[in-house]
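These are the structures, in structure tokens.
Consider the two complexes below, in which chain A is the common component and chain B and chain C are the respective partners.
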Partner chain A sequence: MTILNKERKGWGDRVLKFYIFMAFVFLFLPIAIIIVFSLNSGRYPSFPLQDFTVKWYKELMLDSRLLGSVKNSLIVAATVSFISTVLGFMGAYALRSYKLKAENFFLGFMAAPLTVPTLLLGLALLIFLNSFLSLQNSLLSVIISHTVFCAPFALFIIRARLRNVRISMEEAAWDLGAGRWQTVKELILPLCAPGLIAAALLTFTLSFDEFIIAWFVSGFQPTLPVKIWTMMRGGIKPTINAIGAIVFIFSMSILLIGEYFLGKKTNG
Partner chain B sequence: MENISVELRHVTKAFGEVHAVRDLTLQVQPGSFLTLLGPSGCGKTTTLRMIGGFERPSAGEIFILGKTIAYESSTQRQTNMVFQDYALFPHKTVGQNIGFGLKMRGVKKAEIGKRVREMLDLINLSDVYDRMPHQLSGGQQQRVALARALILKPPVLLLDEPLGALDAKIRKQLQLELKQLQSELGITFIYVTHDQEEAMTMSDTIGIMNDGRLEQLDTPEKIYGDPQTLFVAKFVGECNIFEGRIRSEHPDIVDFEDNRGQIFKLKKDSLESAPVGKQASLVVRPEDIQVADAARKCVNRIQGRVEEKLYSGSIVRLVVDREGEKIMVDAHKGIAVSPPELIEIGWNPDAGSIIL
Partner chain C sequence: MPDQSSFKIEKMVKFRNFPPIRFFVGILPISLWEIIFFMLPVLLIFIVSFLIVKELRLVFQWTLANYTDIFSKTPYWVAYVRSFRLALTAVVLSAVLAYPLAYAIAFVVPARFRRLLMVAMILPFWTNYLIRAYSWQIILANNGLFNEILKVLNIIETPISILYTHVATEVGFTHFYMVLMTMLLYSSMDAINRNLMEAARDLGAGKLRTFFEIIFPLSLPGLIVGSIFVFIMSFGDFVAPSILGGGKKPVFTQMVVDEIQGTVNLSMASALAVIMVVTILIVLILFLRRVESITAGSSTG
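== the complex of A and B ==
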């Protein structure tokens, strides 16, 4: 028995190591290369490397249109994250409190935007927002569009968190005289706070990094990914490597903080 | 009406196809300790939850101090509940947990603090005010849950297997404490358990439930000594059951004839009527049966062969074989019989009881 287990463990170990190795090669190596080239004084991304420099980063800071797109992205991501988290919480709490017969159907329905190719979703939203709501392409359009696919994420994250709050706790609160709103304030919100924070952070990065939908509906107020894309059409400049490095590190940090809250236990 | 604390009239609860509680009627006297006892799944929790206002009966009515339950208002109900899993709020300190009910009623902070400390003194946990629930032992958590429910001074306290998760020793101690607390405070306790020993030691009244029905509602002595149904007899303690019929009736004594034709005499006091000729069962507890010399003086006697002798503490359990029928007898551990000896066992008319 023990020998078998050991063998199986060793085998699983090797597969896992191989997987991690491949992930690093194909996921992180390209990004590492971008970061390296962003600090390289050569104009073209090719070896051998030349001198170390931060001039591409300095150049970025002087590009006011680029900085404008960063501001746009921050506004959009913050708003989308806030609205999605609020909607996600309300949806998750409602699902828990009123046991729907069609709960699975509803969840599938919520997940639908996540399975539609974003290209189609972007096109559909463009037509819908322009023709039906007569919205000019703008940041508002991006906010609405991003909320469409971020809110389900928030709902699923918060729903998982809410499962940890035992029904008996809610009943105890009611038994001790708490009304619906007091129960939410005293019990539900504090206990799923880590889920709320995680949802807010993850939807923030989802929106911040999203390109295709934003490209369709952002019009004359490009978000950062849209702006990067326009810049790239004129050839790959070293400044783009610098932006890439910054965005990667920024998004990665927020994701990691989000993951931390996702895994956090409520009672210590 | 005021002299009844809780009353259920023909209460039924169905969850779809499952009938959790069927036509249950009972009354609880104020200040008494009622235990609902029964195997898992028999509807105890559902009954308790209906009294607590967590579930609405499918049919029938529930009155608490003569009034129907106010389902809509969480502050106007007359009961509080101690949950099986305690349901302490993990993000609040012990003090905040216990003071929660008062806070919901808008009591001032200073007053809450004072009353929480009083409660902590009452349950002998004065030094845990600022601790978090997960820093307490199971027994301490249980007491905090109790204090949290009692601080609102409910006329009726509901407890759903509150000691179920604790180990045997702490359990015994808390049983005593609970019982003492109940008689000191004079609050009606409705207590749910599947542990018959626990029910026996704590209760004024026990309601035995089986498959959603109330089988018998009586004092612990009556439940044990005079079970009304075979289910009650078997569920509470161990017993020997003789199948047969009632042979004849005398002023104080009933003659019972078992399927082998042997007549056993027993006192009639527990039997309202003794319809002669009716099929019935005679229940005799193992500890009511005498062995050897003592048996010779008994009115009802049986010959049998000792098949097994099992020691457990101060008694020995003998399994006596009466031509294929096994009879359990509890004797003093010094008894000088051993398998495969042929012995006489017996009991007097005041020992057994008849179930029709």
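== the complex of A and C ==
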């Protein structure tokens, strides 16, 4: 009986492990394909592959409009990431230091912008910023809009991190005569630094890769995804593969560093 | 152990009696941001949906015309039903594909590899959605990887057209939302007390019985929350249907974008958006009720 069980377990496990493998092939396939074709000299992304080339990357470097959109995206993502992390930290720290009766309600309110489809958020912000605030389409609009869903995201990450910092430590600091600001600066901030860095990096990529909202509100200052969208509408261009490969590798690296800080243990 | 925790609670209570003025200083900036730039704009959608647009500008003149238009014109309804069906299919597909994956990671993979696998899974999920959809366009094209493989395997002679049909849309949806579903399922499976499973085995329950009586019921909350998310996000997705599905059979979001980018009729777009919001809320309420009944049932039973 036990032997039979073991045999069946071994067989089932092997099938499941193979399934994991296949699932990861499926998940990484689009990324691999873009990278392969970005280095392929053929104009059309079809098989069989032709010679190895880096000419599409060189061509990118000559496209000043594209480079401009990269610059726009970097400005937006960096600003959004900074504002979101500050707002998220302030909110998370406040939630921790006072027992709010409606805490669950507040958290639900914070989760709402993360669950609403970006199309709705984009339309709402387009109407609000353009027609009611008369803020002409600009990078500022994109920054404001992206912060709407990035700030709550940062709040949730930092809140999870702050939970690991024991409250007794904070009290000890006060007992030793540290003021509230000094405690935050010298105890809380260093202890939840990994959470802050993770929040900053993850919100950076969220903003950097966001397309729909930016498309609606960016106007004549397109961000990179908006620019890529226009390129895609214009037919097949091998340079899209090159910029795609760069974006994939860039985003995944930032995400990996973020994940590293997210998983870091506190000694608090 | 109990001593320590009660001590901790006492400290917390003491700690949390601080004057709330500081609390407000911390909580206010993010709350104001969300009230001004999230709640207000979303409320505006409702108001604008009852206004009219003249010469590309919103005019404050109340009307029900947008709604009567939507309800009387079939293209809107066809697109709505299409979106609904595509979203439901995405829920089923991603649940079917994600369930064995989450199970395998939670119960077959050794503990030290689990986090690694989950991080590896999030990587492609987190990258640019637009470029991923573009990549699927390349893979599913008539001379793309998928058709080439089928040709090499002698399964087909002429390529099958998948690109610019909603089969391709579903591929895009599934690729994206399967990860979300796996993460939620995994977190509810990982939380299952492994002693419970061992106890079941010791009492003579086979693998199947352990699965159906312990693992499956306890993974249901993850499955339901995952389904809600997948439904909302695929119903509200514009990128996959337009890049992979093409424009011949537009989905609801494509109708909305047409009103925004094409005719620049923001009040019509708002009315369509209101219908989307209402749909999402109904689905949310129906599903969440189900979660409540399940969690209530498992705690009493």
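Heads up, the rule we're going with is that the second predicted complex is superposed on the first by the 246 of 268 C-alpha atoms of A that agree within 3 Å, B and C clash if a C-alpha of one lies under 4 Å from a C-alpha of the other, contacts with A are read in each partner's own complex, and residues count from 1 in each chain.
Operating definition for what follows: a contact is a pair of C-beta atoms (placed from the backbone, for glycine too) under 8 Å apart; a residue touches a chain by one contact, two chains touch by 3 or more.
In this text, all values refer to a predicted model and were calculated from it rather than measured experimentally.
Asks: Could you look at A:49 and tell me whether it touches chain B, chain C, both or neither (first, second, both, neither)?
Replies: After superposing on A, A:49 lies clear of both chain B and chain C.
Asks: Once chain A of both complexes is superposed, is A:12 in touch with chain B (first), chain C (second), both, or neither?
Replies: A:12: touches chain C, not chain B.
Asks: By the touch definition at the top of the document, which applies to A:112: first (chain B), second (chain C), both, or neither?
Replies: second
Asks: Figure out whether A:178 sits in contact with chain B (first) or chain C (second), or with both, or with neither.
Replies: After superposition on chain A, A:178 lies in contact with chain B alone.
Asks: Touching A:189, do we find chain B (first), chain C (second), both, or neither?
Replies: It touches nothing on chain B or chain C.
Asks: Give one of first, second, both or neither to describe whether A:124 is in contact with chain B, with chain C, with both, or with none.
Replies: Only chain C is touched by A:124; chain B is not.
Asks: Have a look at where A:168 lands relative to chain B and chain C in the superposition and call it first, second, both or neither.
Replies: A:168 sits against chain B and chain C alike.
Asks: Does chain A have more residues touched by chain B or by chain C?
Replies: For chain A, the partner with the higher number of touched residues is C.
Asks: In the superposed arrangement, does A:25 touch chain B (first), chain C (second), both or neither?
Replies: Touch partners of A:25: none, neither chain B nor chain C.
Asks: For A:61, is the partner it touches chain B (first), chain C (second), both, or none of the two (neither)?
Replies: Neither chain B nor chain C is touched by A:61.
Asks: Could you list which residues of chain A make contact with chain B in one structure and with chain C in the other?
Replies: 168, 171
Asks: Once bound in the complex, which stretches of chain A touch chain C?
Replies: Per the stated touch rule, the residues are 5, 8-9, 12-13, 16-17, 19-20, 23-24, 26-31, 33-34, 37, 44-47, 86-88, 90-91, 93-95, 97-100, 106, 109-110, 112-113, 115-121, 123-129, 131-132, 144-145, 147-148, 151-152, 155, 167-168, 170-171, 180, 205, 209, 211-212, 216, 225, 228-229, 232, 240, 244, 247-248, 251-252, 255-256, 259, 263.
Asks: What part of chain B is in contact with chain A in the complex they form?
Replies: So the residues of chain B in touch with chain A come to 52, 54, 74-75, 77, 79-81, 83-85, 87-91, 100-101, 104-105, 132-134, 148-149, 152.
Asks: Show me the residue ranges of chain C that touch chain A in the complex, using the header's touch definition.
Replies: 8, 11-12, 15-16, 18, 20, 22-27, 29-31, 33-34, 37-38, 40-42, 44-45, 48, 58, 97, 100-101, 103-105, 108-109, 115, 117, 119-132, 134-136, 138-139, 141, 143-145, 148, 175, 178-179, 206-207, 229, 232-233, 235-239, 243, 253, 256-257, 260, 266, 269-270, 273, 276-277, 280
Asks: Looking at the complex, which residues from chain A come into contact with chain B?
Replies: It is residues 166, 168-169, 171-179, 182, 186-187, 190-191, 266-268 of chain A that touch chain B.
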